[in-house]
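The structures come next, written out as structure tokens.
Shared chain: chain A. Partners: chain B in the first complex, chain C in the second.
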Partner chain A sequence: MIDFLSLIAGVLLVLMLMAVATKGWMGSRQLPDPVPGSSEGEPTEPCPKEFVSRVFSRGDWEFVHGLKSRGMERLFEHERKKVALVWVRQTSALVRNAIREHARAARQSKNLDFLGEISILAQFLILILSCRVLSIAIHIAGPVRLSGLAQFAQRLSQQVDRLQESLHGGVLAGASGTRAT
Partner chain B sequence: MDTPDKAVTVERAYDDLLRRSLSHISGDLARLIYLASTRDYNTGKYHHDGLAAHFQTEIACQALELAHRKTFYRVAGRSLEELVGELDLYVNSSRQNRDDVLQVWQKLEPYRVALPVNVDVVAAQLFVSNIKLALAILRQRLARELTAQAS
Partner chain C sequence: MLGQLIWWSSIALEMALLARGLQNRLAFRLPVFYSYIAFVIFQDLVRLSTFQWKYDLYKRVFWSTEFLGLAIGSLVVFEIYKVSLAAYPGAARMARNALAVVFLVALVKGVLDVAGAAAGWQASAAAPEIERVLRVVQAAAILALVALFLVYSIPFGRNLRGVLLGYGLFVGTRVICLTFVSLQNHNFWFYAYSASYIGALSLWLGYLWSYQPSPQPRNPRADLDDEYRKIAAETQRWLQAMRGYLRKTVRS
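The block that comes next holds the complex of A and B.
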């Protein structure tokens, strides 16, 4: 019995180490130089939709492809990947902010709806997982090569919008009247 | 918080800026560079003598900032092909040797200073990234033109 528990603990430890290593590896790759002037710190609102479409648009890729220069194509892929990863990180940070805000409101709530909380937690997890999947897809294939990636990104963006709207509307945590102002 | 009167005055100053100054500059990229140049590097405040003479200094500053942000988002949202056209127009209007301007822009990256303060990080990154690409495309195009002329 003790051996079995040790095995489980060992497997869990290895999985945790792998997760930490993967996160570090993903974070260290292709981090663009900070752009002066851009808003620093925690993002408070999502990127305007037209820019999300532009980042994942095939139009720019087709223009570059039409130039018939492999070097230019490589430069485009490199540059567009950097921008797409900045967007994923921004979106992921927005979701994490929403989680923190919700947790704060939930701690002060006196009448928590357990099923509602489970549903919200599931939404958060799906969004975080979607960001991870998108990040891996961008690393592997680039933002414009995969034909469903743009729609996936748009959907993700809309889901984060909805999450933020419901948070601002005080829907989460049954918070009306109990949330801190 | 701005009073409605002040907001109206800023709008009027903004319209005045569009009509008297910006309409004489061809291309949004050139307008963006011009607007960024009206900002003091040390204070981040914008200044325009003519506008400040018609309106108050603070109103002129806000109108310039508004124009800068609007122009930036317009340029950042352009397709790569459109941005190449904008950059080409800007380089051609500079009276300097085209290749020299393109080289200096690639080395010094002066377009990074053209960003307004606190713009969306993705829009800012997209703008910087697209300008880098547009510069590379224009230099390649220029090199091909020169090769074609030589042969």
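The block that comes next holds the complex of A and C.
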């Protein structure tokens, strides 16, 4: 058992550092100061609630099902699944942005609260995990059968958004960024 | 023959690394790391001469220098922590606490293991076993640090990144090899155990060939601590709201 745990620690360390080496994480590349919510290709706000409930609602599915066309049903499922997956990715990106911004403020603070930080990180991990699970569930079951779960995830993402807004509210301006010496 | 080749190539690489470090003055910027390299050169030469002229003392010399190297190696990890987080007091505080947790868990586990198998270890098997346990603690400490560096987006200069990658990969492969290695049989894991260091040396030579400045944060604002408190309070509020929502969802 101890051998197994030490083996896991060794393998994990090697894999993590190989990822750091190959993906260029922790690199010293100079990036411009991030302007919250302005990164190209990254979502700035969550999808409107009506849109998400539409993506996951049974109403459209029942309408298409009523047309009695198997081809149409397949096309509908395929398209809806794609839209749902984009939404999950967008939600996940919002969560990651919130983590980044919180970490940027926390790393330079002298009065950092260790237990508070652990709690925040755990909550963020739960959110990211929820998005992963949701994504797998959409792949397996399709979005229409997941409306309850999706509404839940959407509420979570809006909570994240509220946090992000509070971080944006002038609090972080000028406190982050790096330059070479 | 393969053992000798590994031995001599290690010494050559170490000397090149040290000479280059003195030439580009990186040895003065990362003194603990270069002291470690100097120690390893000394260790290799002592081992080599003992192996050739006083073989009956070889095992004792090998293990005592091995543990000394492990202790100085731990100082290298401390240097990485100190240099990289010097400008990030918040992340440094997290790192100190995370490392304290790692060492506390290791201590408790060590005490339990010793209590559980007090007379179980044979003298011949004890040294590799102790090294494996200590290397696992080192691996866990490096893992915790790397995770923190990633979470808090700590930017690394090329040189420090090389030191971390080389030493971390060396410790990781040592842990894997020590799980399988038998010092009595010269099998694949025995040579992998010895050769893992050559990999680290090559990496260091590449990353530390020339000095490259580390990125530094912009002047931190004086009111940052008040801001952090605001952010933390807001985050806690958000977490409480989410907990309430989770409860409601589970009940519904």
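Worth a mention:
We adopt the following convention: the second predicted complex is superposed on the first by the 108 of 181 C-alpha atoms of A that agree within 3 Å, B and C clash if a C-alpha of one lies under 4 Å from a C-alpha of the other, contacts with A are read in each partner's own complex, and residues count from 1 in each chain.
By definition in this document, contacts are C-beta pairs under 8 Å (C-beta built on N, C-alpha and C of every residue); 3 or more make two chains touch, one makes a residue touch a chain.
Please read these numbers as outputs of a predicted model, since none were measured by experiment.
Comparing chain B with chain C, the partner in contact with more residues of chain A is C.
Of the two partner chains, chain C is the only one touched by A:L121; chain B is not.
Contacts of A:W87 after superposition on the shared chain: chain B is touched, whereas chain C is not. Of the two partner chains placed by the overlay, only chain B lies in contact with A:V64; chain C stays clear of it. Once the two complexes are laid over each other on the shared chain, residue contacts for A:R54 go to chain B alone; chain C is not touched. Of the two partner chains placed by superposition, A:E73 touches none, neither chain B nor chain C.
Annotation: chain A has no residue touching chain B in one complex and chain C in the other. By the touch criterion stated above, chain C contacts chain A in their complex at residues 87-91, 93-94, 97, 113, 132-133, 135-136, 139-140, 142-143, 146-147, 149-158, 161, 164-165, 168-169, 171-176, 178-179, 212-218, 220-221, 224-225, 227-232, 234-236, 238-239, 241-242, 245, 249. Residues 73, 76-77, 79-81, 112-113, 115-126, 128-130, 132-133, 136-137, 140 of chain B are the ones touching chain A in the complex. Those residues of chain A that touch chain C in the complex are listed here as 2-3, 5-7, 9-14, 16-18, 20-21, 25-28, 30, 99-100, 102-114, 116-117, 119-121, 123, 152, 155-156, 159-160, 162-163, 166-167, 171-172, 174-181. Against chain B, the residues of chain A that register as touching in their complex are 32, 35-39, 43, 47-48, 50-52, 54-55, 57, 59-60, 63-64, 67, 69, 72, 75-76, 79-80, 82-83, 86-87, 90.
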